[in-house]
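The two complexes that follow have subunit A in common; it is paired with subunit B in the first and with subunit C in the second.
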Partner chain A sequence: MLGQTCRKITGSLNVSPRIEFKRYLWRNSICQQKIDITLKYTDEASGSIANKEPTLYEKFLKNPKSVPLITSRKLENCNKYRQPRQAWLETLSTVEDHKLGMLDLHPDIFAVHPRLDILYHNLRWQEFYKKIDYNWTPSRGDLDVSGGKQMPQKGSGRARNRNRSSIMFRTGAKPLGPKGPRALFYMLPKQYRVQGLCTALSFKYAQNNLHIVDSLEIPTDDPEYIQDLIDTRFWGFSALFVDDTDYMPENITYALAEFPSYNILPVYGLNVRDMLKHETLILTLAAVEKIEQKLLFHSSRNKRSSRFSMDTRYDQY
Partner chain B sequence: MGIEKALRLVKDLPRVALNNIKNSPMDQKKPHNLRRGWGKNKTHGRGHKGQGQRMTLPKLGFETGHKPFYLRVPQEYYYEGHHLKRQYPPLSLLRLQRMIDMGCLDPNEVIDISSICMTGHYHLHVDRRHYGINLTEEGAEKFSTPICIEVQWASEMTIATIERLGGVIMTRFYDPLSLIALQDPETYFKTGKPIPKCKLPPTDAVEYYSDPKFRGYLADPEKIAEERVALSQKYGYDLPDLSESDKLSLLLKRKDPRQIFFGLHPGWIVNLTEKKILKPKAEYLQEYYHS
Partner chain C sequence: MFIVRKFCSIATLCKTIKPTNFTEKLFKQQDHPTLCLTAAKQFHGSAVHLREPKQDAIVIGDGDRKYEPQSPYRRHWPKRFQFVTSTRFGPTLPRVNKELKHQLPFNYKDKWSDKSALQGANDYIDILGDGTIHPVDLIKGPAFLIGYNANELGRLNRRLRFEGRYLADNFPSELEKILKRIKFLRKKYNYKRGKRVRKRFKYR
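Our next item is the complex of A and B:
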């Protein structure tokens, strides 16, 4: 379905488009968004392809010394008693594993206490907040039964009774059974959710399942390319690619559409369940910046400091 | 560094996935026992009739109407927190003079808390919140030796008696860990621990130890000299000139605020069997012990 829509857009505009993921908005600004897309496409069509900036890997191929070896990324409010974690900056431009540099990662996000019970709470919440229990059993009044007395009060030798809906009867009602659609919605406190994301990221980093990549640009949209890449690097059976926005490059979306176990996600869709479900987690550099900024902001926030602030309005996403 | 150790452990353990995550046992609530099992029919473990079966038992501690045990004894706030306060067990000047006369203490050396404890006539129990010696006035008229003494608490009269005879008294604070080393140095050195760095007094004691009237070790020496003169005038004795005395070098002996033993610095380990002293080489240790 997604592939068909992509090819329609390419056919009509004759440029390399950015594919947008569907996302349900609170306000009815969907029309506004479509206009924005068209404008963006026309802007790209008017601009020449020669002015396009070369990727980090292209720069590396031309002159390995020109690419900066990033050893000290600026970390916000880093605790002076905790060492920042370090990770390689890799690339998806070749099947072989080439390292472009090294990054510093914030310890309050990527080296948090590995608490399994926080992960458990997050997983349970993700499962249960959407759940609706549809079980419904009829009670005495709901049974389709005549109201008359089943047998005379005395003389039968049996216990006295009234109508057939009684709970003592075999075919009678169930007392206090489940009643109707019942929502199991609840909100896990914010700190649990923030720390859940931090612990999941810490586990991925600690167990060597986290990889940071300059961008999700790949040379071809051939699914074999991506499969070879993942196999040579031993990234495992399932992988989750995370980019900072929901505008994804064309080639990777076509390639990964063939595989159910390799998935792409924007930063706003990052959740504990998906991080643990996929064996490896691949983040782009822009995604890492965004994740750090957001999680640090929310981990140090409380009701008092958020009382009159407009920092997290949903329409400023 | 529990977090670092935990993350190192996690590295070698199997991959954390959806199938191996459990809740912590403290969070797992036990379900309410409905008592519907085998043998729990009919009365469900409640017996026959009465308050036990009918959920009308009285509250815990109730004694059928009269005042119960837990309300009979009233609360007494007079001694509240007394077991947590600092205690300075007293040592009178009479006993001190007796120790000097018997030969337990040498007036030609600085009389320290450790020298007094090692005589065996004075006991200090650090675990009972004893923070040092309180030199009391009893025997002030019989006291007759010029000494250089270091105590933790002294009143005006004791200071006057000692200074009248040409001696020197200092009040000095030691924290409990330092006192453990001071009260029995031999056993402390045998443990193999380094000599501790003496900590500064707590906020409610800082005033006392920086007051020249009580000859505190944190006070200004010039002000102490002024107070000596003032005290001599108050009690009506001639203040002897210490610069003319024979024991000048002894009377001028002072310890650093972080030092516990004369001649030994914090951070050193004393080996009594081999008669050696081990000093720390690492920079971070030297930084810590010199601060």
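Our next item is the complex of A and C:
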């Protein structure tokens, strides 16, 4: 009964359904992505494109006074003894760097003490928990060999022996070799993983590699536009763009398809290894709000408060 | 008589000895015949080199020995002034005039391919997503190994629970091997382990 009620509640609150998640995971080819995007736009009302909300930069161009210079954000459960960190709000609508405002960032996520051991544990976990070792060597019972003696005990000048499966023979068994498909699976406690994300984000902020953007919309489809943008702002050789949901604006997907080192991810795809592999991290405003909400929720969560939720069905791991 | 003759012959020899000749020749490695043959000595290092005397070494004509008579039985150079052999050489020489056969092609690993650029893509999906999905659901492999890490006995028993009926119908010889191995491991783990575990009896 409890489980059924929980499922109904979570079903009503679902924001990202499972179908879109599967589509993102399994369809990596660009052709499929283009088809899905065009279908989505045709299915929706064609008048919705005109009714789309204008970006902050478009509002700024029309009336600069309508967009505030400093936008302060509401931070939930902010420690009054810790000051929030500040960051610029930028745009991708122009090649040049125009700042639209200033934001507050939560210190418990973007200003965590730099714990290198947590980062190391997260990286190692990401590398090893998916691994399955398929090496296998036969033992004496696994070899299909007749049990007869190879040669008489005495007479030949050779050493004495019985089976062809013995260890002394070249084609014999390997006694203590790897046995069978073996999984190197283990789970880190949830707090280790939450703090790993927080430390990675705070490293990126502290080293000036974090940039916040109003949205990932671009005027043109040209890949040179993004190359010039990244070159003028000195963002580096690799960049990771993070958006709120699966569905990305089409211009940026066509433009970044030609660069293997510039990649896009939704918020649920963020991880420590990709954050450290790419030089710069570019988050949208909606993504920042979602990340803060999720990480603060899980950092203050314990087994007592999560007793009747669907998260606990994975507690066996 | 015998001794006197010897002294006479020695005295004639003493006149021909000039200590300066010895020092000049032997202290210069360039003139020494054996040392000239070592090739690329500066780079390669030689197995043979002379040990030069220290700067504080007593030289003929100085110090206490200034007024000593010259004799052929006395070393004019320091004691144990001999060749020194060492087995330590420098680094290897470059293979300049040698043909390289069977050269394997060296392929650089593409670290920005579709697979390796976003390798750990959805590992934190139970935190940053709904909570309905766990990273265990992302592992690809045999069904009896997803989310399971144990020793060989546990793995084999789990394999039988998952695939026992399929193996019995289609691969009976393989099933027999598994059962033999389970029997062997049961005895090994339960009867043959003590306080100090040797490599043979470890849980693998």
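Descriptive notes on the structure:
Criterion: the second predicted complex is superposed on the first by the 240 of 317 C-alpha atoms of A that agree within 3 Å, B and C clash if a C-alpha of one lies under 4 Å from a C-alpha of the other, contacts with A are read in each partner's own complex, and residues count from 1 in each chain.
Please note the rule applied: contacts are C-beta pairs under 8 Å (C-beta built on N, C-alpha and C of every residue); 3 or more make two chains touch, one makes a residue touch a chain.
What you see is a predicted model; the values in this text were computed from it and never measured.
In the superposed model, A:L285 makes contact with neither subunit B nor subunit C.
By the touch criterion stated above, A:L89 is placed in contact with neither subunit B nor subunit C. Once the two complexes are overlaid on the shared chain, A:F203 sits against subunit B while remaining clear of subunit C. When the two complexes are overlaid on their common chain A, residue A:N271 makes contact with subunit C while staying clear of subunit B. Shared-chain residue A:P260: touches subunit C; no touch with subunit B. Of the two partners subunit B and subunit C, more subunit A residues are in touch with C. In the superposition on chain A, A:L116 makes contact with subunit B only, while subunit C stays out of contact range. 273, 277 are the residues of subunit A that lie in the contact sets of both subunit B and subunit C, per the superposition on chain A.
Within the complex, the subunit C residues that touch subunit A are 112-114, 117-136, 138-142, 145-149, 152, 155-156, 173, 177, 180-181, 184, 199-200, 204.
Subunit A contributes residues 10, 14-16, 18, 21, 25, 28, 125-127, 129-130, 132, 139, 141-142, 144, 175-176, 179-187, 190, 193-194, 197, 238, 260-261, 263, 265, 267-274, 277, 290-291, 294-295, 298, 309-311, 314, 316-317 to its touches with subunit C in the complex. Subunit A makes touch with subunit B in their complex at residues 111-114, 116-117, 119-121, 123, 202-203, 206-209, 273, 276-277, 279. On the side of subunit B, the complex with subunit A involves touching residues 2-4, 6-7, 10-11, 13, 15-18, 21-24, 27.
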